[in-house]
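The next part holds the structures, each set out as structure tokens.
Heads up, the next two complexes both have chain A, just with different partners, chain B and then chain C.
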Partner chain A sequence: MENNQKLVHAFHEALGIDSNLIKDNLTYQSIPEWDSISHMILISQLEEDFNVSIETDDVIDLSSFKKAREILIKLGINF
Partner chain B sequence: MGLIKRIKEIESFQIIDEVSGKRYKFNDLPEVSWASESQGLVFCYLDNSFESISFLLKALESRHVLVLLSKTLSNNFKDALEGIYFPNYIFDASRSEISTYTKIGSVLYYKISVKQHVLHSDLKVLLSTSGTTGSPKLVKLSERNLLTNAEAIAAYLPISNTDIVPLNLPVHYSYGLSVLTSNAISGATVCAGSLDVMSKGFWENFQKYQYATIAGVPYVYEMLDRIGFTKMDLPSLRYFTQAGGKLRDDLVKKYGTYAIEKDKLFYVMYGQTEATARMSYLDPSALLTHIGSIGKAISGGRFKVHPETSELLYEGPNVFGGYAETLEDLGSFEAPDFLNTGDLAIIDENGFIFITGRSKRIAKVFGNRINLDELESYVSQHFSDYFACVGWQDKTIVIFSTNDHCQPKDIIDWLSKEYKLHPSSFKVMSIQSFPLTANGKIDYSTLTRAYDN
Partner chain C sequence: MLLRDKFCLITGASKGIGKAISEIFAKEGAIIIATGRDLESLNLMVSDLPVYSAPHLVFKMDVTKEEDVLRVFNELSQNKIFIHCIVNNAGIMEDATLQMVKTDLIHKIYNTNVLGTILPSQNAIKHFLRNRCGSIINLSSIIGTKGNLGQSIYGSSKSAIIGFTKSLSKELAPLNIRVNAIAPGFIDTDMIKGMDQKFYEKNLKAIGMRRLGKPEDVAKVALFLASDLSEYVTGQIIGVDGGMII
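Up next is the complex of A and B:
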């Protein structure tokens, strides 16, 4: 699976929302499905799917779909 | 003496609205225009915004009886509850109109009730036994319950009248409400509109307002651990509290060690809505030598363990006045001699209490207390079939099904929508038939073992 698709899939799984809602402007707490609980689940999902370890600072920094991609790029994932 | 009367006498008590940055003393809070002089029943669908906190305090000051509920409760649950209790007033920012009610404030609705409410003179506040499920079962509390519990909490926590305290737990939840009341009677400043701990803004405001404390249920402490709380530089933090279920022993140790190293105080506490909020706390000086203990009773309270059942029993002025499940129940208020906590416990030779298990069919998922029998009948009713549910390790609710025409995904989707819980909180397991105990009841322990495997 291409990495962008993989990222959309991770969000879809963790937040339980339709893939077509997952866009760059999707931000933490902008929808009820992205709350603190699903955020924790999302972080684990990303770590598992991309085989990376997300640093503590980045857990809070990862506050949008766009930001998630930036953090993964920083961790060496190509988009 | 009343709770609000007491709060109004405390000069230093203030509320900061984090959204506008404004500060309010009690007397500056916007007045609420009630539609009638007579006492009524008020449904308060709350979040932790300034509007909600301010309304809550003004409603507590009024002669009305309040039911505190979550603003995010699903509309089905709201309708069902309103259909049982016929509130005269509804405070709800999430609906723009409510059928048969007249809008009398920006988010306040009124109706002359067709039902005659008989409200017991001791009854002041009703809290839900579960934050998310909209169960009609409510806990009846008096103003004396609220005040005595707030006083007992303020007596052991190191609250100072210069503290700034975020309201990061919902105030319709007994623990969150106790953070508000215990700090208010101590003259601290509380922050409305606080964000949750996973938001960057929460930590920015932590520095901006110099929060003195944080309160959290176990999953909040799980999150704090994931974001490296013990490595953060938080000089304004003096103490932090945990209640609402059992925190993992290794995390208790980690936070306890952090607290000692950084000269802060960590309080592990125990309570229940039926006890207004708090029943016990573990003194920070005893924490590391008594990991897993819920400590000892708060001032004015006393525990004993039932000699035959091992159930933990509690007595004190904060014990509730019974449950309400119907409108008629609002006319009575009778505190039991002892509160049956539903938890099994042992008390060691030095008086420290350790919870060893649970006798009631209650699951805790992400800090939400779920009555499994209610969930079971709710899901069975909706899908017109019989399901059996068990809680697993306070993480997951497992729904056992004996038919294959109900798709697990449909059940999980529906439950997570209704209960506002993450889909991963539910698992559906299909089985041939339900195991039964000798007296013909569902054998839940066999089901739990089946899921373990």
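Up next is the complex of A and C:
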């Protein structure tokens, strides 16, 4: 699976939403499924799927699908 | 065995209550991750523990140092070790009436007892999410629930643990992560050894069961909270004080 697909899949798994809703403009708390609880599950899912460790500042910063990709790029994942 | 192959991280594991918890958890099959400021005493403690599967681990971790806490949790994750339980046991007690307390001491007590509980808990949550469950056990105190003269700083730091436990338990219950605290009374460890003799005798007389608590008395309750015996218990503060009245 290429990394963009992997990222969509991680969001789909963690938030339990349809993959076609997962676009760059999807933001934290813009839908009921992405609340503070599922945010924690999402972080754990991203860490597991991409084998990275996301620090607290980035956990707070990860406010959209687009931002998630940027943070992963910063952590050395290629897109 | 109640904790077979469960990774349990204990702060301040070198002696006293932390040591007793490590011992009882290891007897129940847990893999202990013993942390503390002094590697030598931790290694000594761990060398006496029974090993049923993977060997126990030891890490130098001062709970007041964020870099120490991050290093330990990152090292564990990098090695694919995800903890099931954390016991925030590290703590210090120094008594003085408020007029006699220097600001440095207030920082020291709060950094160890409060920040030193919050930081490891924050890092442990990600581990628990990987395991889809987890148990946080915090050490409060009867001084935190009832208060005592000469202990406004220590007592309030331990009351903070109660507030932290209750709020965090609500935040984490939907994720199947439990958060509870133990409030020991007067337990026979180094912590009470330096206590003023008059104060010591007064406290002893206040115990209904007429004996000091043993570290093992506290450890047994920690075992209950770490294991599935308490799988529906969260947000509770459990006194272990032999009927002490303050």
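Annotations
The definition used in the following text is that the second predicted complex is superposed on the first by the 79 of 79 C-alpha atoms of A that agree within 3 Å, B and C clash if a C-alpha of one lies under 4 Å from a C-alpha of the other, contacts with A are read in each partner's own complex, and residues count from 1 in each chain.
Just so we're on the same page, contacts are C-beta pairs under 8 Å (C-beta built on N, C-alpha and C of every residue); 3 or more make two chains touch, one makes a residue touch a chain.
Quick caveat, the model's predicted, so the values are computed rather than measured.
Contact with both chain B and chain C is seen for A:I37 once the two complexes are overlaid on the shared chain. Of the two partner chains placed by the overlay, only chain B lies in contact with A:S63; chain C stays clear of it. After superposition on the shared chain, chain A has more residues touched by B, the comparison being chain B against chain C.
By the touch criterion stated above, A:Q29 is placed in contact with chain B alone, chain C being left untouched.
By the touch criterion stated above, A:S53 is placed in contact with chain C alone, chain B being left untouched. In the superposition on chain A, A:N78 makes contact with neither chain B nor chain C. Legend: residue contacts after superposition of the two complexes on their common chain; A:G16 is shown touching chain B, with no touch to chain C. Chain A residues 37, 40-41, 43, 56 lie at the interface with chain B in one structure and with chain C in the other. Per the touch definition, chain C reaches chain A in the complex via residues 70, 74, 77-78, 122, 125-126, 129-130, 174-175. Residue ranges on chain A touching chain B, taken from their complex, read 16, 28-29, 32, 35-41, 43, 56-57, 59-61, 63.
In the complex of the two chains, the chain A residues touching chain C come out as 37, 40-41, 43-44, 47-48, 53, 55-56. Listing the residues of chain B that touch chain A in their complex gives 72, 196-200, 203, 219, 222-223, 226-228, 231, 366, 413, 416, 420, 422-424.
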